[in-house]
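In the two assemblies presented below, chain A is common to both, partnered first by chain B and then by chain C.
Right after this comes the complex of A and B.
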C-alpha cells in the first residue's frame, strides 16, 4: 500500500509535539539540576523538532501542489485549477495551516537560538520556555486542528482558498511577515522568563536578545504596513486601516514592543526600568497570544477573522496560563527586579523614553479597550454594539501627536540631565521648523487641525534629525578635515544602530504625513458612467471606453476600461474589475489604482458587468499622499535592517563582558 | 508588593478570562442563519436531470411534478468535502425511506461546467435518488443558500419546514423525517 501523505503529516505533527514536550521537560530538568547532558539533549531536541516540523510543512506543500484531496486541509481549502503560487500560500490561508506555519517558524527560531545564541546561564531556560510554547502549538496542531486528517472519500476537487486571499499576491507576504514578527518576539520573552527564573534581571537578557527583538519588531512593523497596503489594493473602499479587531490585535503587541525597543536602552545605559522592561515584553507576548485567540475563536466579530473551532478554548487556556505564570513569576521575583537607581531629571533621554513608553502603553490600552468594549457591553447588558473608527481616531490621534513631539526631542536629550542652554537652542530651531512647516501647509490651504499639526511636527522632526546628524558630523569633520559625505559614510558605518534609528524615525514622519493627508483629505464618490460616456472627478476626466471579460483557468475577470485624462492630456487606462473564482458565486471587486506621488486615483467597480451592460457604477477615491505610507514602510524596514546589520563582534564582545553582569549583581 | 502584584495578576486574568469564556460560550449568533423561507412555499424550479435518472424522470425535473410528496432537497457540489461525508448517509436514508412516499432530490450547484465531476460523484456513492444540475446557480440563489452542503425539508403542501446547514447526520435526518412524515 502506498503511504498516504496525510498519515506522514499527522505522524510528523505528533512527533513534533512529542519532541517539543521532551525538549521543554528535559530543558527544565537539566537547567534546574545543572545537568549538562540533559541541557545539551534539550538543545539538540530543538534542532530535531525543527527538522520534524519541516517534514510536516513539506508534506503539506506536496499535498497542496499535487492536489491530494485525501488530506482534509487540501480538500477544504485548495483547488486543482488554482495557480501554483496560490497552492503554495494556501498553506496559511486557513486556520489549521496557519497554526502549522506558526509552529514551524517557532521551531525554526528555537533551533536557531539553540544553534547560534551565545552561551549563558539564561540559554537553557530560554530554550525550555520556547519549547514550552512550541509544545502548545504542536498540541493544537496534532490534536485540535490537525490539517492532515485522511478523508475516506476524497473529493475530486476542492473549493479553493477564500477568494479575497487568492486575489492578491500580498497573501504570500503579509501573513509570513506577521508570524515572523510574533514568533521573533517570543525570543526576548523566553529570555526575560529565563532572567526571572535564574534571578538575573540585569541587562544581560536584553543585550543577548537585542537583535532578535529588533528583527521581530521590524517584521511586525513591515507586516502591519504590508497588511495596510494589501487591504488598500483588495478591499475596494480605498482605505488601508479600519480599526477592525484583527488589525487592532496586530497593533497592540506592536505598540508594547515599540515601547520595549525604546525602554531597553534605558536599562542598558542607566540600569533603570528593570521591572518595566520585563513587564513590557511579557505583555507583548501575552498580547500576541490574546490576538491569536481573538482572531481564531470568533469571540469578537470581524470582517476577516478565521473561522471558529475547537482551538478557541485552547488559546484562551494558553493565554491564561501565560499571563498567570509570567506575571506571577514577576511578582514572586519582585525584590530582585526592583529598580535601585532613580530618575535624575525628567528632561533627559531616559525621561523622554519613559514618556514615550507611557504614550505607547496608553495607545495599547485604548486599542484594547475599544476592541473588547463590545464584548463587555454584551456580557453586561446583552446588547450588541460596535466600536468604530470615530472612537479610535478621537482617542489615539492626540496621543500620536504627542509621540511625534517626543520623537523629535528625545534623541537630542543627553542621558541623566540636559543642559538648559543647548536644549533651549535646539528647541528653538525645532519649533521654528514646526512653525515654518505648519505655516507653509496653512498657506497652501491645509486648514484641518490634525493634517496641519502633522506637517508642523514633521518639520519639527526633520529639523531635529538634522540637528542630530549635524551634532554628530560637524565635530568629526573638524577633526578629520574630510568632506561631509566621507564623514557621513564612516559615521553611518560605525554607528549602525544610531543611524538606523534615525532612518526609522524619518520613516515614521513620512508615514505620519501620508496617514494625515490620506485620511484628512480623501475624496470618495460614487460615479455612474455610461459605456462610452465620461464624468469629471477632481480635475480628471474619466471615460468608460469598453467592457472586457478576461477568463483564465484560475478566475474570470469582468470589468471596464476607464480612460483617465487630466485636462487634454491622456494619463492612463485603468481596469477596475470583478473577479469570480471557480466554485463560488461571489464576485470579488478588484480595484484599479493610479499611483502618483501627490495622490492616488482609486477606482473600484460597484456594479455588475455582464454582456449588454450599458452603464457601470464606480467608487472613485482620491487619496492624497497615500503612497508615502508604503514608501515610509519600506524605509522603516530598511532602517531596521541597517541597524541589525554590520559586525556581530561588538555585540558579542558586550555580551561576554562579565563585568557588566557583575556590576548588575 | 509581591503579594499585591500576584493578586493583581490573578484578578486581571480572572476578569479577562471570564469575559472571553463568556464570549466563547455565547456562541456565534451570526453563524446560525435562519432561513427566511421557513413556513413559506418552496421556490419553484425546473432543472436538467443527471443522465442516470433520465429514464425514470425525463430530461428535466420540476418542483411541480413532485407536488403532494414530502421532499428532502439537498444541495451539493463536486468540490465540497463535507458533501462527500454526507452522501452515503443520504443514500442509506433514501433506501430506508423510499417506500414512505418521501422524495430525496440532490441539486448539484455552484459547480458550473462540472457535470462530469457530478456524474463521478453520483457513481462514487451509487446515489439512486434523482439528482439535478443547477448549472448557473440560480436555484441556489432562489433558495437563499448559505453554502454547500445545505438540506431543505419541504412538506407535502410545498412549504419549507426547516433547513440544515452543513452535512446531515443520521440524528438530523431521523428528527427531520419524523416531522416531515407526521
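Right after this comes the complex of A and C.
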C-alpha cells in the first residue's frame, strides 16, 4: 500500500508539536535546575523540531505540485491548471498553510538560535520561550487547522487559490517577508523574557539579539512596502494604503519595533530605559499576535481577511496568555529592571531617541484605536461603523512630521548633553535647508500644507545627513590626507551600522516625499473611451486602439490596448485588462501602469469587455512621485542589509559574552 | 524635583492635546453603515455626514447614461427606498436584486455615492412574499 501524503503530513505536524512541547518543558526544567544534560537535550530538540517541520513543508509542497487532492488543503486551494509558481506559493495563500509556513519559519529560527547563538545564561531560557511559542503554533496546526486531513473521496480538481493572490507574483514575496519579520522579532522577545526570568536586565539580552532585531525589523519594513506595491498593482484603485484593518495590524508592530530599534541604543550607551525596552519588545510581540487574531477571526471586516474559524479564538487566548505572562513577569521583576540613571538633558541623543519613541508609540496607539474603535462602538451601541482614512490622516500626519523633525536633529546630537555652540550652527544650516526646499516647492506651485512641509523637512534632513557625513569625513581627510572618496569608502566600511542608519534615514525621506505627493496631488477620474476614440487626461491623449483577448492555460485576459501620447509624442501602449481564472466567473481587473520618475499613469478597466463592446470605462489615476516609495523601500532594505553585513568581529569584541556574563555574576 | 514636575506637566499637556485631537478626528470620520429604513428613522442625525448605505438594487430602477457615465438606481430594504446616483460604470456582477454598499452623502433626497461595492454573498435570498428580514439582510451585506 502506498503511504498517503496526508498521513505523513499529519504525523509530522503532531510530531512537531510533541517535539516543541518536549523542548519547552525540558528547557525550563533544565535551565531552572541547572541541569546541563536537559539543557543540551532541549537545544538538540530545537534542531529536531525544525527537521520535522521541514518534513511537513516538503509534504505539503509535494502534494501541491503533484495535485494530490486527497490532501484537504490541496483540494480546497489548488488547481491542476495553475502554473508551477502559483502551486508553490499556494502553501501560504490560505489560513492553514500560512500557519504551517509561520510555524516552520519559527522552528527554523529556533534551530538557528540553538545552533549559532553565543553561549550565555540567557540562551537556555530564550530557546525555551521560543519552543513555547512554537508549541502554540504547532498545536493550532495539528489540532485546529490541520491542512493534511485525508479526503476519502478526493475531488478531480480544486478551485485554485484566491484570484487576487494568483494575479500577481508579489504574492510569492510579501507574505514570506512579513512572517520573517514577525518571527525574527520573536528572538529579541524570547531573550527579553529570558532576561526577566534570570534577573539580568542589563544590555546583554539586546546586544546578543542586535542582529536578529535589525533583521526582523528590516524584513517587516520590506514586507510593508512590498504589500503596498502589491495593493497598487492589483487592487485597481491606484492607491497603496487604505488604512484597512489588515494593513493597520501589520503597521502596529512595525511602529513599536521601530521605537525599540532606537531605544535599545540608549540602554547600550547610557544604561537607561531598561523597563521601557523590555515593555516595547513585549508589546511588539503581543501586537503581532493580536494582529494575527484580528485578521484570522473575521472580527474586523477587511478586503484581505482570512475568514472565520476556531483559529481566531485560539490566537485570542494566546494573546491574553502572552500579555498576562510577559507583563506579569515584568511587574514581578520591577525592582531589578527599574532605571537608576536619569536623563541629563532633553537636548541630547538620548533625549531625541526618547522623543521619537514617544512619537512612535503615539502612532501605534492611534492606529490601534482607529482599528479597534468600530468593535467598541458595535459592542456598546450595536451600530456598525467604520473609521475612515480621514481619521488616520488627521491624527498621524502631524506626528509623522514631528518624526521627520526629530530624525534630522537626533543623530547630530551628542550623548548626555549637547553643546549649544555646535547645536546652534547645525540647526541654522538645517533650518536653512528647510526654508530653501520648502520655499522652492512653494515657488513651484506646491500650496498644500503637508506636501510643502514634507519637502521642507526633506531638505532639512538632507542637510542633516550632509552635516553628519562631513563631521565624520572632514577630520579623517585632514588626518589621512587622502581624497574624499577613499576616506568615505573606508569610513563606510568601518562604520557599517552608522552608515547603514544614514542610508535608512535617507530612504525614509524619499518615501515620505513619495507618500506626500502621491496622496496630496493624486488625480483620479473615470474616463469613457470609444474603441478607436480618444480622450484627454492631464496632458495625455489616451486612444483605445482595439480590444484584445489573450487566453492561456492559467487564465483568460480580455482588455483594451490604450495608446498613450503626450502632445504629439507617442509614449507607450498600455494593456488594462480583466483576468478570469478557471473555476471562477469573477473577473479580476488588472491595472496597467506607466511608471515614470515624475508621476505614474495608472489605467484600470471599470467595465466589461466582450465581443461587440463599443466603448470601455477606465479609471485613470495620475499619482506624482509614487514610484519613489518603492525606490525608498528598496533603499531602506539595502541600508538595513548594509548595517547587518560585514564581519561580526567588532560586535563580538565589544560584547565579549563570557566577560559580560562574569561581570553580571 | 522641579525638573520632574516640569516633565510631568509637559506630559499632561501633550496627552490632553493628543486626546482632544483624537476625539475630534474620530467624531468627524466615523462612517455609519445603515440600511435605507434605518436612515429614514434617524435621518436628521446623519445630516451632512458620509454614510455607507446598504441594500438591494430595486428591479427596474437601473439606468446607465454611458455618455456621462452616470449610473442611477434605487436602493431598498423593502421598507424604505432611496434613489442613488453614482459616477462611473456599473461594476462587475452589479445586478437587480443584488446586494450593494454605497459610500457617499445625501443631497436633497438623492444619495450621491462615490464608492460602489457589490456584495455577492449567497447568505441572503429575498423571500417570495416580499417580507424582508432586515437583520439577516444587514448581516449579509456587511
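Simple rule for what comes next: the second predicted complex is superposed on the first by the 656 of 665 C-alpha atoms of A that agree within 3 Å, B and C clash if a C-alpha of one lies under 4 Å from a C-alpha of the other, contacts with A are read in each partner's own complex, and residues count from 1 in each chain.
Convention: a residue touches a chain if its C-beta (ideal position, glycine included) is under 8 Å from a C-beta of that chain, and two chains touch if they have at least 3 such contacts.
Keep in mind the model is a prediction, meaning the values are calculated, not measured.
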item	value
First, second, both or neither for A:373, with chain B first and chain C second	second
Touching partner for A:299 - first (chain B), second (chain C), both, neither	first
Touched partner set for A:425, first chain B, second chain C, both or neither	neither
Which superposed partner A:79 touches (first chain B, second chain C, both, neither)	first
Residue contacts on chain A - larger count, chain B or chain C	B
Partner chain in contact with A:573 - chain B first, chain C second, else both or neither	neither
Which superposed partner A:387 touches (first chain B, second chain C, both, neither)	second
Residues of chain A contacting chain B in one complex and chain C in the other	301
Chain B residues touching chain A - in the complex, by the definition given at the top	1-6, 8-10, 12-13, 16-17, 19-24, 26, 28, 30-31, 77-81, 83-85, 87-88, 110-112, 114, 117, 120-121, 124-125, 137, 140-141
Complex interface listing, chain C residues touching chain A	18, 21-22, 24-26, 28-34, 50, 52, 66-67, 69, 87-93, 138, 142
Of chain A, residues touching chain C in the complex	301, 362, 366, 369-370, 373, 377, 383-391, 394-395, 398, 526, 528, 578, 586-587, 589, 606-608, 615, 617, 619
Chain A residues within the chain B interface of the complex	69, 72, 75-76, 79, 151, 153-160, 293, 297-301, 308, 312-313, 316, 319-320, 323-324, 327-328, 330-332, 334-335, 338, 372, 375-376, 378-379, 582-585
